[in-house]
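Below, chain A partners chain B and then partners chain C, in two separate complexes.
Up next, the complex of A and B:
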């Protein structure tokens, strides 16, 4: 386990030094600041607009950083042959994979915390009163992005192309928010949509984690947020994706 | 073996979540967005940003209501008129509010703002009732919508005092639309309750809606109450 943490720390440092990651964080800061304009346009609903835009943007930037890191990280180490150096030491392939993934998740959590800090300062300056479900929304974002990073890790190894891993993860991200709609279509489409019905069984159920989109739903319409279910589901889904990735990396000839 | 097991677990977990998790959003068959609306909002909806999509539609509604209507001079947003004949200005207003509520049925402010503007600014109570019924279908226990419905019913009977009493209960909420407080102040003046109107106009001064704040400042000057006793200074 110690080796996993060493690899995770190294992966985290690598992410922080990555120019793309730094530019993404800078861009996020600038965009959060410019969201003030959107808030002004919303008049009485300024705080709601600022809250929604900020949380949505934090999620998008964390997603971009996470799937980019997942899709390029392992492949880059394969290309530069630095993976040989790591695996020639007493590090198993499973430990390597877990270390890389853990580092990626930690860097994503750091990014979310950084952006959320800036967002909170902006909101408080505009007269917002802190509400605890803000933290729940951030937790949902972290779960979603952790799942997306696991999916991207698997597809990076499966397709051995960073671009296709990015595209496939992006498509699954979209489909993961449309499961109810896909079920509706599949139920109406008959045999012609059988492949879609099969695909639904594999796509991550991202609406489950979408706490930030359900902030003001009255208690009469929803019986509390399924936090435990979401946590267990995310843990299971990530484990399965990493198991699939492990099945692939185990067969690679390094 | 590992891969097959992982895939089986994913299928099982997805099936379990599908059964246990009940989405609070309307089913696709219950949403009636036009083709253009669906296309415009598809991007944000596909990223799971339903609230943000509703916010952007709400901003578009405010822009629409803030732009002088092509049809007649009837109504200027933010200014309540004595003339209570139905206005044919802003013909898309009801449709736009319903669109917001289709995207986010729990956007309470949009429903209240839309119904209030339709009933009391544009004098189209039937459209306001349609908006409130749409909102109530998703949030049936919301007593505020019921209060609006009652106020609209009294408005139809031209019973200003009852309209005032119904709306006053709703306006106490800090989240109440500024437009509603503005209307209440107007009714207070009509009913001879000058002090109450002044209190409401002072509340409106701190609104984030600059248009209403500016109007309230003018109204306070006209009422000779530009000086706020709580602050002991002249309002800027």
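Up next, the complex of A and C:
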């Protein structure tokens, strides 16, 4: 396990020193500041607009970066042959895969924390009263990031093309927000929509992670079960994706 | 040589399978490869482009699995964790994360090799010193020349004191002074008992460093020449190489 953490720490450091990443973080800061303007334009719904826009933007940025990082990361290391230098050390392919995945997820979590910090400062400056549900919303984003990165990692190795991994993960991410609607359609369509019913089982159920909806409820009375269920679901989904990715990389000729 | 060999290929073949639109094409990487490298011996791998030099090295590292035959490193099947701990590898034109410094890069590889924090500092300084990069130890590698990256590659290769070195085009991109320094370094390593397998197009360099040279043609060892065959007349290894590969090159 030690090598997994060594690789994860190295990925984290590489990511944060990457110029493109630094520019993306700067862009995120500017966009979050821009949300203050949107809030003002929303007049009596200022805080709501600021809260919703900010959280959506944080989620979108983190997911885009996670999917891009996972879809291109391992493939870039294969292309530049830097993976040879790692795998020629006493590092197993499983350790490599987990290390790179964990590093990416940690990078994204650090980015989410940074963006959320800036967002919170803006919210508090505009008179918002802090609620613990905000942290839960961030937790939901973190779970989505972990699932999206695992899906992209698998498809990058499966298709060996970053573009197709990006496209497929993007499609799954979109579909994952419409599971309820897809279930409704499948239930009404009977046998003719059997493939859709099968697809529903495979698409990640991302609606489970939308904890930020709780911020719309005045006082959160929701129980803890959905959080536990979502956490267990994310862990299982990520494990399956990474197990499949490992099956691909285990016997791969480099 | 069996267990006594640092590295041994025993009837090794590697076929690459490519599938496209339902058709599978088989390309031969190496065929019936038999070769041994003993401790303290330097063996050169010579061959035209696509003759199987890099495949031969990747088989020893476990990056490729042989289709037939066995590759043994210090008597154990290639690719195992313990065998890799005793090996150093320099790929052709190594790539490193440009936002890291040579010291940080070596720290990563050292830790992956199982070196402890206490000994790592000294090892990093020593490795960078050996390849002449001490002055650039803490400079980010953005803008490093090909030769400087090659030096970092060599430093990571030597960091954990390996007993078997696999070097793919080690003098590529180096200036003449660096080539001479690298050559001296390789000779010292060989004299210290390290086994070396060096793939290179630079025949004159192999001539000066190697005890034997295996000439690959179309994935097969077409000839193994001993140092005694070329040591008497400089440039003789090139003649041997041309004589060996010309018939197959013409046939192709």
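Keep in mind that, in the parts below, the second predicted complex is superposed on the first by the 241 of 254 C-alpha atoms of A that agree within 3 Å, B and C clash if a C-alpha of one lies under 4 Å from a C-alpha of the other, contacts with A are read in each partner's own complex, and residues count from 1 in each chain.
Here is the rule we go by: a residue touches a chain if its C-beta (ideal position, glycine included) is under 8 Å from a C-beta of that chain, and two chains touch if they have at least 3 such contacts.
From a predicted model like this one, the values you see are computed outputs, not experimental measurements.
Student: Thinking of the overlay built on chain A, is A:205 touched by chain B (first), by chain C (second), by both, or by neither?
Tutor: Only chain B is touched by A:205; chain C is not.
Student: May I ask you to decide whether A:91 touches chain B, chain C, both, or neither, giving the answer as first, second, both or neither?
Tutor: It touches chain C, and chain B stays clear.
Student: Touch check for A:14: first (chain B), second (chain C), both, or neither?
Tutor: Only chain C; A:14 stays clear of chain B.
Student: According to the stated criteria, A:236 is in contact with first (chain B), second (chain C), both, or neither; which is it?
Tutor: In the superposition, A:236 contacts chain B only.
Student: Could you look at A:102 and tell me whether it touches chain B, chain C, both or neither (first, second, both, neither)?
Tutor: A:102 sits against neither chain B nor chain C.
Student: Quick check on the superposed pair: does A:82 touch chain B, chain C, both, or neither? Answer first, second, both or neither.
Tutor: second
Student: Which partner, chain B or chain C, touches the larger number of chain A residues?
Tutor: Larger number of chain A residues touched: B.
Student: Please work out whether A:213 is in contact with chain B alone, chain C alone, both, or neither, and reply first, second, both or neither.
Tutor: Touch partner of A:213: chain B, not chain C.
Student: What residues on chain A does chain C touch that chain B touches too?
Tutor: none
Student: Please output the residues of chain A touching chain C within their complex, sorted ascending.
Tutor: 3, 6-7, 10, 13-14, 17-19, 80-82, 84-92, 251, 253-254
Student: Within their complex, state which residues of chain B touch chain A.
Tutor: Spelled out, the residues of chain B in touch with chain A are 2-3, 5-7, 9-11, 13-15, 17-18, 20-25, 27-29, 44-52, 55, 58-59, 62-63, 106-109, 113, 138-142, 177-178, 207-211.
Student: Quick one: in the complex, what on chain C touches chain A?
Tutor: The touching residues are 16, 58, 61-65, 81-82, 84-85, 87, 89, 91, 93-97, 99-100, 104, 108-109, 111-114, 140, 156.
Student: For a test of understanding, state which residues of chain A touch chain B in their complex under the given definition.
Tutor: So the residues of chain A in touch with chain B come to 38, 41-46, 48-49, 52-53, 56, 60, 173-174, 176-181, 183-184, 200-208, 210, 212-218, 220-223, 226, 229, 233, 236-237, 239-241, 243-244, 246-247.
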